[in-house]
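See structure below.
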């Protein structure tokens, strides 16, 4: 149902297949998920996206699991079904517990609610919140 | 510029002022920010929102600072200026460093990007991402 | 701060000014609000938008005040500051009470919350909700 | 296809099942829809969401059917498929006619259109729309 | 799975069928796609939407293919699966190449990213960008 | 009003200032706009964003002006005021005429409208639109 066919290894260009191989090496498994197979029609975009993902999601000042929680939050507000599924799986793979998932849901739901109230009431920002 | 006047303590009903006092007690300070003063036109909504915030943002399986990061992510995607300002301030008050803020920005930006790609390509969810 | 200058009556084309006059006639007043003055750079778009507004917002199976409540709800989720302001004013002009405004806020906030939960959990639609 | 399994009555905790029973009692029927079964992994969130729904959607200054129209509007802008389906069904159950549904569609579509125009042109709010 | 049944030619009113026939005449084929069959429950909305589409998407200062690219961009951000599918097909029918599709994806993804950064950092608009 | 102070050349790190200089060289002028000065708190994010912008917005299969139109469309739906202003200015600098701006407005507004209708009616994608 994608707007482009998913490319398997044979159909992908050499440049795209090289990214598939980088994905396999980074993840220690053979499976390449549909997102990358759809992006493979544009190998430069595929490579740029994969490399950015590696940089941004690596351990740093924030824990990789926390980064996945943030990813789920963004994907939820954007209504991206694919992304909600794949990053919920990724968060679990990085140790998200059921209790943490529940609290994530509660925070997202609360933020949605107060976002709408602040917008519907057009509340002006307090001076003390300015940087 | 709000769509309702902000209510100061004199203008607020007894029920709303009781919530203002609960906010002061919880935060250990006298200041009540504009959001609550706008909500005070509907004391029941004010109370329900404040009590929910207290429950959801308390320490639990997730750290309160992490909850604020999630809040910023949701508020950003919703484009809620007030909420971005107030929760960035709250995250700093709970210890968010400049490096953590930078990584939060990078994760949000990356998620926006892959959300749009997955949606524009209408990529179907892999079976392995199903619960 | 608009991305186009607002056109006053002198600057507007004859075609745009004719729409300004239609707005004045329909509203029984001289004031033409900024939205129409910004649209006046494209008189065909100005006319099409004004005429559609007249058709859609007229009394019908739904009360004009209820239509304004729906308009506020959409404008809130889209984060359109101008629209939230103008349609909150319009709803009040059509009789929206403070209590109705409060309930509107509560319903919008609740819907935001359950929307996010259904999306984050990717809940499948029950058969009984299919038309 | 949810990101969590839907919990049937056996799998649900006592606390969650008590909410299922409250849903049955309120609706006068045995069916508990998928949304609540997905939320049941976090009984506190399940309970808080159900109780808030009961409070907010009850008859008040706005008619329950009107509240459902507002709910559909919010759900549409958020692109929540589950919510559009379930609240369209709820609106019909509360008496929404085909003509009212058609007008709801027209108002939502119009608001989307003028929201985008006001945002793309960055029209400044008229003084007279300030509270 | 729609919230209304799709109306075939027999089920549609005379007024709706006249629009179906206008669609067939404009497109030189017999097929009427689901969107119009869902809208046919409200013949006035069906007609207004079809006529607006004809006006707006006609060749003008912008090429019809470019208009389809813009349509895909909007539909992606709104997360409208139906619209992404139908307008990607329409863009291809108007000559969009694979390379153009790839660049469209890259621009949308980039814009999402910088939109979020500007919003999360609440960057104030430079004077020189004011009209 | 940003959530971070804008960094001038003195306050920026060497790494950030190098990007400022790259921006000046690419644009042939001294001015560095606020977006980059806000991003400068995280020089790596600043560099990655600037380099990506250079790659993606360069002439290719799509004209740079067309890319700016797409950028405006995305920014509008996201409600990013800064981005709407800056990319409207950029589109004009690349030759966007008033007539083209007007048609862009009309296409965005139309897409918003049909996006909402397809979502509110939950229209299923026709087989012929599948890739």
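For reference, chains read A, B, C, D, E and F in written order, and residue numbers begin at 1 within each chain.
The rule we apply is simple: contacts are C-beta pairs under 8 Å (C-beta built on N, C-alpha and C of every residue); 3 or more make two chains touch, one makes a residue touch a chain.
The model shown is predicted, which means the values in this text are computed figures rather than measured ones.
Participant: Could you tell me which chains are in contact with subunit B and with subunit F alike?
Facilitator: Touching subunit B as well as subunit F, we find A, C, D, E.
Participant: Report, in degrees rounded to the nearest 5, the angle of the rotation taking subunit D onto subunit F when the C-alpha atoms are fitted.
Facilitator: Result for this pair is 180 degrees.
Participant: Same or different, please, for the subunit D to subunit E contact, judged on whether over half of the interface numbers appear on both copies.
Facilitator: Different, since under half the interface numbering is common to both chains.
Participant: Centroid of subunit A to centroid of subunit D, CA atoms only: how many Å?
Facilitator: Between these chains, centre-to-centre, one finds 26 Å.
Participant: Between subunit C and subunit E, what distance separates the C-alpha centroids? Give it in angstrom.
Facilitator: 21
Participant: Quick one: which residues in subunit E touch 2 or more of the other chains?
Facilitator: Counting only residues that touch two or more other chains, subunit E contributes 1-4, 45, 48-49, 52, 74, 76-81, 84-85, 88, 102, 104-106, 108-110, 112-117, 119-122, 125, 130-131.
Participant: Please classify the inter-chain touch graph. Allowed labels: line, ring, star, complete, other.
Facilitator: complete
Participant: Taking the complex as given, what residues does subunit D use to touch subunit C?
Facilitator: On the subunit D side, the touching residues are 1-4, 6, 31, 33-35, 38-39, 45, 49, 52-53, 56-57, 60-62, 66-67, 69-71, 73-78, 80-83, 85-89, 97, 99-100, 102-104, 106-108, 110-126, 128-131.
Participant: If we count contacts the way the header does, which residues on subunit B are in touch with subunit E in the complex?
Facilitator: Touch list, subunit B to subunit E: 72, 76-77, 79, 81, 84-85, 104-105, 108-110, 112-117, 119-122.
Participant: What residues on subunit F touch subunit C, complex-wise?
Facilitator: Residue list for subunit F touching subunit C: 79, 84-85, 88, 98-99, 101-102, 105-106, 109, 116.
Participant: Quick check: in the complex, which residue numbers of subunit B touch subunit D?
Facilitator: 1-5, 48, 52, 55, 125, 130-131
Participant: Subunit C touches which residues of subunit B in the complex?
Facilitator: Touch list, subunit B to subunit C: 1, 3-4, 41-42, 44-45, 48-49, 74, 78-80.
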